[in-house]
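The two complexes that follow have chain A in common; it is paired with chain B in the first and with chain C in the second.
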Partner chain A sequence: MSDFVFATARYESGDWDSAPLVPPNIIDTIARYTSIDVAPTGVVVPLSSPDLARYPLVFLTGHLPVRFTKEEHEQLAQFIDRGGMLFVDDHNHDIDGAFHKTASEEIRRTVGPLADLPNDHPIYSAFFHFPDGPPNTGHELNGWGDNLLHKHLLAVQREGRIAVLYSNKDYSSEWGYHPDNKRFLAVDNTRFAVNIVVYALTR
Partner chain B sequence: MRSRVDSRPALEWVLRAGSLALLAWMIWLSTAARRAAGEHRVSSSATLGDSLAAWTLDPRADSLHAALDELPRGEERDWLAALRRAGATVTWSSPASTPVALAVEALNDPAGGVRASLAAPSGALVVVSDSLGVLDTVVMAGPSAALRARAVLGGARASAGGASASAALRDSLVQRGVAVIGRAGWEAKFVIAALEESGWKVSARLAVAPDIFVRQGSVKLDTASTGVVVALDSTAARDARAIERFVRSGGGLVLAGDAARSAGFARIAAGGVGTRVRSVAISFSDSAPRRALGFYPISARADDVVPLESRDGAMAVAARRVGAGRVVQLGYDETWRWRLQGGSTSPEAHRAWWSSVIGSAAYRAARQSTLHGETLDPAPLAATFSALGAPVAPERAAPALQVRPGLRWWMLLMLLAMLLAEWASRRLRGAS
Partner chain C sequence: MSAHSRVARTRAVFTLTALLAALVRGAAVATLVFVLAGALDWAVGLERAARLVVVPMALSLGALVVIFSLWRARRTLNLGAVALWIEERRPVLRYSLVTALEPGAAGAALPDLEQEVHGVGWGTPVLRTASWAVGGPTLLLLVALAVRAALPPGVVSRIETPRAGDSLEHPRRAAVAGANRLTPLVATVTPPAYTRREAVTLEEPSSIAALASSGVRLEGRGSSAGVTAVLGDEALEVMGTTERWSVIFAMPPRPAAVRLGDGGASRVIVLEPQPDSAPVVTLASPARDTVFREARGGVPLEARAADDIGLTALWLEYIVSSGEGESFTFRSGILARRAARGARTASLRSVMRLDSLVLRPGDLIHLRAVAVDGNTATGPDTGVSETRVLRVARAGEYDSLAVEGAPPPDPDASALSQRMLIQLAEELQAKRKRLARKVVVEESRRIGADQARLRKRVGDVIFSRLGEAESGEESGATMPRPSMKPEELLKAAEAATSGEGAHALDFEGDETPVVAVNRPLLEAYNAMWAAGRELEVGEPGAALPPMRAALAAIMRAREAERIYLRGRPAEVVVDLAKVRLAGDIDSASAGMRAPRARLSSSAASRAARLDAALLMLRVDPAAAVDSLALLRVDALLETPRLAAQLAEAVDSLRAGKDATTPLARARREAAGAPVVRAHASEWGGAW
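== the complex of A and B ==
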């Protein structure tokens, strides 16, 4: 049985499936750089399902407003309490956007308030080294969205480990391409995904 | 035809022989009576101390019986044993002969605690107490039982049926760290989490790519800094020789999942690793949660392997001693599912199980306790049997010699009469 299965959260509100190419791209990156036993295809797991506990790292993205149902709220709270990690990416890369405002509020209500993650956090050296913190995305550099270069990721930490990792950098767009197209990049821009997965598997 | 004169010598021989026999009987009777006069009986344990002093000073006290209300204390037992070794016949009896034994030991757990192990007859009500009062009461469902307590102040005591055993912690533990070696994965993550949440100091080396590891602290394979190594999978085999040295010098090793399949661990593993068996339960029940885990059956390789847990006739957990250390082999893998997918108490149960596995294998560095000088009696009945032999019913314990009053005088008169008759016969027939 594969140890690591990349799971994408499906939730009732919003557009949970806005970045369908991200999972295969991250799976490709994990297989390319590490010896982690990774399943060749990802899964979609309902946020309200007890099956959430089968995948201790879950990816959640979207553009639209997020409002967790009671079941989603309860399952997510239990998932985090038991050591699961949620990686949330704002597909809008817009701090005034509907997704950011509603998702950060839902996270605050379920797990706790988000706070800046220091750029020397171990996640930035878990595999590849990112001495300046989270890598910027092309969408940030092009001035789209909120026209900001977000210096930090946000996180909710529990007992010294990241329970929720939240990004305004729009990795969903940055990583949303077919893995074969990596050959056209001078530097693989999905390398930070390896750090997230390795951090989740070891901390 | 023989004359009366001819038969007299024969009669005289009979009288002489009868006199000698009578004399011998009187001498034996005198000796036996003297022996019987030296016996003492104790009807109450309260007087045993004084009686022992009296017996020791009485030269006639060579047959002793202690009829006790309760089992003798340690020093009384030793005194009786000393009298026995000095040549006295010592017997004992007591209605309080319930066999009860007690041992207490510090748990090898960062949370601390003490385990009291009891032995008593099935069905007996055992009261366990310390210097502050009653810790617990146990109705024995079998010949042995164990209970955990946060601490024991002074000595612990287990009382049942009038018998009482006492014991105290002889040492305290110096905790060492835990080193986790394996592949980066959910099992590694949640084993480390469970151990850290239990209070263990954990170092780890987790493989993420060929020759690339994620490290937590520094993994040191020596008993000065590490108590137990957890090998989660075959990646630990690259350190197999160092781990074997560590175990033989007193360290503990937990071989989880298929780690024991590595040839490097063949000499120290509890057994071989069979084909993985899928879980037999869909959900994690509170009563038998590990039935919902898959496992690798363990086939014992050595005679000294101790099965600790079985499932459907196959060994799931086994242990053995290797050199000065211990190896615990877990057939279970993916125990993280128990923590995440189990019921409301599963995180605590998963944590406690892993902590107990580590505690059972870990190197136990003991330091001297400050508790000295207290007289302890962990198994009083067994110690009494060992020192004095089996108890003897009071009525069977060397009964006093009964001699009818006046018998000795009748015997003396008869002896004198026989000697006189023999003398007179010889004089009358003219013999010298």
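== the complex of A and C ==
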């Protein structure tokens, strides 16, 4: 079994599978730049399952309102307490959107309130250097969603490490393409995913 | 005044004297009990439970003494007894007084008797006796009152009104406590105002359990100078006067310890915060997600909420999501709201008018109930119900609406019918020789008609699976496929069941699974045809083999694996080797990384700390108790059972009792389950 398996969270409400090409793209990126023993395919893990604890990093995305069930709430709280890291991306790229409002509320209820993550946080130098903070996405630059260029990611930190990393930048759209098409890009836009994975595995 | 009147007056004096003496004696006894208890408390310090009974006991004893004294003085009510008492003190009367009072004394002798009595007075002995009777108890009462007045004020109040926390008022302990001001110690816990609960006072607490953010006041005797208090890593301000010191802080949200210090002495108090639970909210109606064909009418809503302390409000909120793909818009609002005003339970009913929400086809309504409690200290805490999703169907999906899934047809019903037909045929075959041919044929045809009805039902199932609403056998004009007539279909079915032409129903190769699923039923169908033919000609014996074959086929169909066709997302498998060989790092450079530190085993750490504390018990018991208390702080969250055992052990050690049992249990909890080996380990060393 591989050391690292990319896990996507499946939750009862909303459209958890709105970005099916993000996991293979991130797996491709991990394999491309690191020697991490990564599994060639990702897995889908129910947020209400104890299996959540088997994965150090869990990815959660969607467009629709997020309402955790009691079991999802409990398992996610346990996952975070045991050192797991949840990466949440707002596929709506809209801070007025229902996903952001409901997901951030559920995270606050389950883990704690989200706060701005400073752009000099170690996650921006965990592998590649991102001196200006999180890389912008085409959807932000094109004025989609809330028409904002988000300067920071949000996070809930526990004892000095990121427990929940939250993005309004819509990496789900930015990274949602077949990895074979990466060769058409002048600069790989998924490099930040390496930092997220490396950070989750080393902190 | 007659002799009778004089004796009656003397009796009244004696009665009054007896009553007064009894009351004074009772008061004296009650006061003495109070004084003795006070002296005992001053000397050794009585427990509050013992002090609580002092006043009732003193009053009870006093009342008993009063009753006993009155009982003893009952003779004073008797006129003859009083006259005799006077005769004893005045022998000169020579029983003339007693005689004058006798009921039979009358007539001519009475004036003489009265004359003899008239000249004798007995006021002096009566007054002397009355003075003695009242004076003694009065003196005793005065002495007792004097002693009570001499008792220290703290002792008096501790006996008169015992209450939690009055150990600080004990004067003798205060004097002894000069060397260590950490004992006695009183904690007053004031719950947050929103709970409307009263403050609780604890004496000599080793741990304090209270709602998070409750106000805690620790108080002790003596000056505050030199007394230190540390909560976690934070030093607390010690306030007070020359007689009392106190520390005030709020109950932290997580378990912690307060370490008090006075010179070389220290004392640890464990703080156990009890969180205010969030409200539990249930959305009773609608009970499940559903789909509406049209956004009209009303949906009844019902929500219930409960909280451990008190609710503030309960409401129903919704989010309407419109759009699809990458384009969504949202609207949200509150449908109904009610104030709970601190009630521990609340319910809310309302009706959601779909017309008023201006819904369009495809819109989703996310509905949930929300309740908040009155926690103004660390909250308010919010509880939410499960979210129900109500959807308005799009025009094109009307045919696919299946809100309530219909139960599958019961295969047992068909199988039983086939079994019954077989039984009927077997019975007919068994008595065939005894029946006329005509009767046999009639019975056989009757069974054949039932067999035909059953065959039609099986045919319905097969044809409906092939996409037709009814059986092609009877409808004639409606074909399963335009290119095939029923006879052709049956031929194809026969071919399929014979195993020679599995592709007979494989229309262009795209319906193989359907044929595969239907194969047992097709077999049954054909077997029923064969059985029916034999039954029609009055041959039940010949019909039995195909009937049994039909039953076996139906059973196989019942046990067949169900195949549900669903969409499956395309799975992308990354060719890792290929990716790694074609890696392109662009212009990025790798950053420095530090390896993750090895995680420490908290369980092993706790076990080691417990061992160290137990070793310390022999050398420095006070420090060992503090170590156990601090270990309990860390154990409260992760291993509450260990924390409970440690609490019992700490309490026992502080009370000077044997703590072996709780410490042994704590050791077992800390060490975890024992390692069980299947066999004895091999001997080692020199043998």
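What we mean here is this: the second predicted complex is superposed on the first by the 203 of 203 C-alpha atoms of A that agree within 3 Å, B and C clash if a C-alpha of one lies under 4 Å from a C-alpha of the other, contacts with A are read in each partner's own complex, and residues count from 1 in each chain.
In this section, a contact is a pair of C-beta atoms (placed from the backbone, for glycine too) under 8 Å apart; a residue touches a chain by one contact, two chains touch by 3 or more.
Treat the numbers as computed from the prediction; the structure is a model and nothing was measured.
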Specify the outcome, clash or fit, for chain B and chain C once both structures are aligned onto chain A. clash
After the superposition on A, what does A:84 contact: first (chain B), second (chain C), both or neither? first
In the overlay, answer first, second, both or neither for which of chain B and chain C A:202 touches. both
In the overlay, answer first, second, both or neither for which of chain B and chain C A:102 touches. second
Look at A:53 in the shared chain and tell me whether it touches chain B only, chain C only, both, or neither; answer first, second, both or neither. first
Identify the partner contact of A:127: answer first if only chain B is touched, second if only chain C is, both if each is, neither if none is. both
Which partner does A:33 contact after superposing on A: first (chain B), second (chain C), both, neither? both
Which of chain B and chain C A:3 touches, first, second, both or neither: first
Contact breadth on chain A, by residue count: chain C or chain B: C
Given 55-63, 145-153, 253-261 or 289-297, which one is the stretch of chain B whose C-alpha atoms run into chain C? 145-153
So which positions on chain A get touched by both chain B and chain C? 33, 126-127, 198, 201-203
Chain B contacts chain A in the complex at 183-190, 193, 197, 204, 206-210, 212, 214, 216, 334, 336-337, 339-341, 347
Chain C partner contacts - residues on chain A that touch it in the complex: 13, 17, 20-21, 23-24, 27-28, 31-33, 38, 40-41, 63-65, 67, 69-70, 92, 96-98, 101-102, 109, 125-129, 173, 178-179, 187-188, 191, 198, 201-203
Counting only contacts in the complex, chain A reaches chain B at residues 1, 3-4, 33-37, 50, 53-54, 56, 79, 81-84, 126-127, 159, 198, 200-203
Residue numbers of chain C touching chain A in their complex, please. 319, 321, 326, 328, 330, 332, 364, 366, 368, 382, 384, 386-387, 389, 569-576, 579-580, 582-596
